[in-house]
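The structure that follows is given in the form of structure tokens.
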Amino acid sequence: MSSTEAFSPDEVMTVTAARQLRDGAVCFVGIGPPSEAANLAHLTHAPNLVLIYESGTIGTSPRVLPLSIGDGELAETAVSVVSVPEIFSYWLQGGRIDVGFLSAAQIDRYANLNSTVIGPYKRPQVRLPGAGGAPEIAAAVGEVLVMIRHHRRAFVERVDFLTSVGFGRNGGGRSGLKGAGPTAVITNLGVLRPDQQTKELMLTSIHPGVAVSKVLEETGWNLKVADELSVTPPPTDLELATLRDLRHRTREAHQSWKPASG
Amino acid sequence: MAEITTLAEAVAEFIHDGDVIAMEGFTHLIPFAAGHEVIRQGRRDLTLCRLTPDLIYDQLIGAGCVRKLVFSWGGNPGVGSLHRFRDAVENGYPRSLEMEEHSHAGMAARYAAGAAGLPLGVLRAYAGTDLPAQTKSISSITCPFTGEELAAVAALRPDVTVIHAQQADWKGNVAFWGITGVQKEAVLAARHSIVTVEEVVDELVPHGPNHVVLPSFVVSAVAPVPQGCHPSYAMGYSSRENRFYLDWDRISADRGIFEEWLRRFVLETSDHIEYMELLDEATAQVGEARN
Amino acid sequence: MAEITTLAEAVAEFIHDGDVIAMEGFTHLIPFAAGHEVIRQGRRDLTLCRLTPDLIYDQLIGAGCVRKLVFSWGGNPGVGSLHRFRDAVENGYPRSLEMEEHSHAGMAARYAAGAAGLPLGVLRAYAGTDLPAQTKSISSITCPFTGEELAAVAALRPDVTVIHAQQADWKGNVAFWGITGVQKEAVLAARHSIVTVEEVVDELVPHGPNHVVLPSFVVSAVAPVPQGCHPSYAMGYSSRENRFYLDWDRISADRGIFEEWLRRFVLETSDHIEYMELLDEATAQVGEARN
Amino acid sequence: MSSTEAFSPDEVMTVTAARQLRDGAVCFVGIGPPSEAANLAHLTHAPNLVLIYESGTIGTSPRVLPLSIGDGELAETAVSVVSVPEIFSYWLQGGRIDVGFLSAAQIDRYANLNSTVIGPYKRPQVRLPGAGGAPEIAAAVGEVLVMIRHHRRAFVERVDFLTSVGFGRNGGGRSGLKGAGPTAVITNLGVLRPDQQTKELMLTSIHPGVAVSKVLEETGWNLKVADELSVTPPPTDLELATLRDLRHRTREAHQSWKPASG
């Protein structure tokens, strides 16, 4: 089960993201791939992972993946449910969160994210949903994990709008912010991490069966590759079985559900 | 003290053309029936405030009721775009849409400031982003104790806040529980408030997690509207109709299909009971057609 | 994650000479047992924070544990003065007492700012009063939207917050309900927190009005101490012993009587169980003597 | 029952204070005389009076008078119970309160109150409890009612410490504040109200059987007497019976209880 044929790119992406979460961490989760990764971690190596959703549900244990950030099961299984103003003030801004997930339509070499517009703000070609909780997650959590599918339209030289800050337009943009910022960008092709000094994202791990040239081709800037490029350890049998079982349960519960990163 | 009335009367009395309106509900307890009634009564030039302007605001925007949107995340949760919202922003259809854009934290702080009778909320927000350059209601203050610069957001004080709750009692005290979002703050920040409820009960008793009670004297009108939050849900009363969110992607993607849907389901129904009956019929027909 | 331990161990581990400590509880759920344990362990030079430094702080001040008091109302509720507090302020006995004095609204805003990770709280407060002239942690800001001047208070961030709650579960999640005061904010504002509880239960289920749950990861230590809030009360577990508040007026009014009381009931008891037994005995004797 | 022998000075004080509360008003209540007056109003002419205590209990209906601001019965009979930060921010500061009660150790001619110290702040002769909720009640409620027993030590030319503002040291101190400030000072001898223009307190009503000279003697400044000085209408039979019944019930429930203003 560890051959490259045995799992899909989105499965390795989810499994790799899940592995970043240490047991006992307090994790601010969004819907879609982050929720899948966090719940996978919770069900495998991190049973004491604390899952917090921005709907105000703290310490949830959903049996199936929620379809929305405010599914009833999140409230029913939570240790505590608080208001939205409180989740952002006392919990996120209050520095109670170890790790947060973000995604976006565009990312640049300093891990700045755009989920607002493609094109100019006043006359966009594409109006995206907007910031949501992202700007303050980016600023306040201990570390940020970014999950984003790898293609040239997403990995751009310059984001059209800076919705949430990675390391700023020139890599020096975190002064005054508490968290460490993005520590890993997990894609369906590999993992990028910021250079310790320059904060520029480098390819540090490549998923099994993916060519470096493919990653470079799908990146819209001149992506640096780490001297010690590793190959992502493939999903274990347990990880794959748990993920697939979770997806199966979710599909049974929500007939309209499709794997968010699939 | 809240009067117990009908939704149609409450909208007629409290919501006027040009008003600043907040219809809140975070995934849970979204006041759809009230949104439809605003469309039916033909309100125009509204400024609509909401953290997550999902389907309810897509419908109001598409119906031409809205001049300005104050928001932080405008999508169809778990599905994708809000096509009527995008059509208004990208193409000015059916009319151009002014925008005042924040993050969730900023919007929550704005309502909380309004509820607290303050002109501003102070928070750590927007750092390093392009939002402050676009949004006049974002500024900054300097902490007199530490010298730190912090974000300031202008208080948000809607003319009317509309929410859906599980219960009210006959005195007009309102109770809701589960995911309670920013509804308490949005009601307390507003001059008037309309609350649709699943039912009116003799006595409010604590229910479920995070039970919130709004005393009658901060509520203007209570209107019993069972399933008034469909396709959203009311914990203890109904489940989220995920299918509708998926269907909406198709309905709203095309101007003609949307306008036909709006005419048939909203403009030509007299109230939420008729709307739900028609929706059930249509769903049954689709079900048969699929079989 | 909270460890479940004894009160003596929790105090020994987390509370040190010179620390800034908040013991909160608004009439309800006041952590008396923890206060006594701090006296038993002989802590000195504490800065004590509390909206209403009632009997618990009168005892700590009289015992000589306190260098500074941060507060907003220092009385024996419904009875009168706190004589040990007054003796310290008016006569410097048993030592002089620094003060940082606020209003309830200001203290609440200071804890809330601490909980929210902000350096200041902004509120409409202290207008026209003599308090800002005495208190360095009161300042002002100007609203960038309206030009209004508003009060600013410095965030309060105790080294340790101590509260009493009705229940914890075995994971260290804590639940309390009824009048919940500022305990949530005081815990979230602090670096560490100690919670004494009436009982440890297998599962926390919503109880009574205003049910608050603090998840285990924001609590440092949980210690089961039944009646740990006596003579205050724990809704659902005990009633307020009003007689003790009246008796305290007499006990605390005289240095000698106070010091004898302190020696006998606190310093020479080993824990809260022994203290309560002794108190019950003494009450029975007084009852007999009165008959 | 309307002869001056039939009731005590503290009873007429409580009854007179209760009458200031209109039915349906939202009232921020303190322990002691204000609580007695507000509960009397609630039981007589103002069944829809909303009682709020600073412990966070909104819309209470205690059967007996609470001994402390946080008695269990206040929570048990409340429509809603909220935290202390919330009661001060969303409810008091938020402008939701029509009327608040205050008392103090000292009051001056502009209804400024002192409950902090007698003597200098740093070296007081008497250290009083302090501000509590008073400064913001004074600033934020629609109108303030002051209940205070009339004697020369309390009615002073200049308060030693200004704990909560009436009309400021010179009568012009309410700029920027929302509420109307003190509208009545109810004592055991009479009622004082601010002059519309100057804001200086004037004796506007005198309780049955009290001589004006007695009031002037117990006031530490040159108290003005209104041209149209009225005599306080004596307590009705219903008011007296209700008040005494409330006190009786309270005494039965709390054996240690004594009438707070008695």
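Per-chain numbering from 1; labels A, B, C and D assigned in written order.
Please note the rule applied: contacts are C-beta pairs under 8 Å (C-beta built on N, C-alpha and C of every residue); 3 or more make two chains touch, one makes a residue touch a chain.
Not measured: the values here are computed from a predicted model.
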item	value
Pair joined by the larger number of C-beta contacts - A-C, A-B	A-B
Chain B and chain D: spacing of chain centres that average the CA atoms, whole Å	42
Between chain B and chain A, distance of the C-alpha-averaged centres to the nearest whole Å	28
Distance from chain D to chain A - Cα centre to Cα centre, in angstrom	58
Contacts with two or more other chains, residues of chain C listed in rising order	116-118, 123-124, 148, 184-185, 208-209
Residues within chain D bordering two or more other chains	80, 89, 93, 140, 178
Arrangement of touching chains [line / ring / star / complete / other]	other
Interchain contacts (touch definition) - all pairs	A-B, A-C, B-C, B-D, C-D
Chain D residues within the chain B interface of the complex	24, 26, 48, 50, 58-59, 79-80, 89-90, 93-96, 140, 178
Contacting residues of chain B [partner chain A, same complex]	26-28, 51-52, 71-75, 77-78, 81-82, 85-86, 89-90, 101-105, 108-109, 111-112, 123-131, 134, 148-149, 178-182, 184-185, 208-210, 212, 233, 235, 239-240, 242-243, 246
Chain B - residues contacting chain D, complex	1, 115-118, 173, 184-185, 188, 204, 213-218
Contact footprint of chain B on chain C as seen in their complex	116-120, 122-124, 137, 139-146, 148, 150, 152, 154, 206, 208-209, 211
Residue ranges of chain D touching chain C (in the complex, touch as defined)	31-32, 54-57, 67-72, 74-76, 78, 80-85, 88-89, 92-93, 112, 116, 121, 124-136, 139-140, 161-165, 168, 173-174, 176-178, 254-257, 260
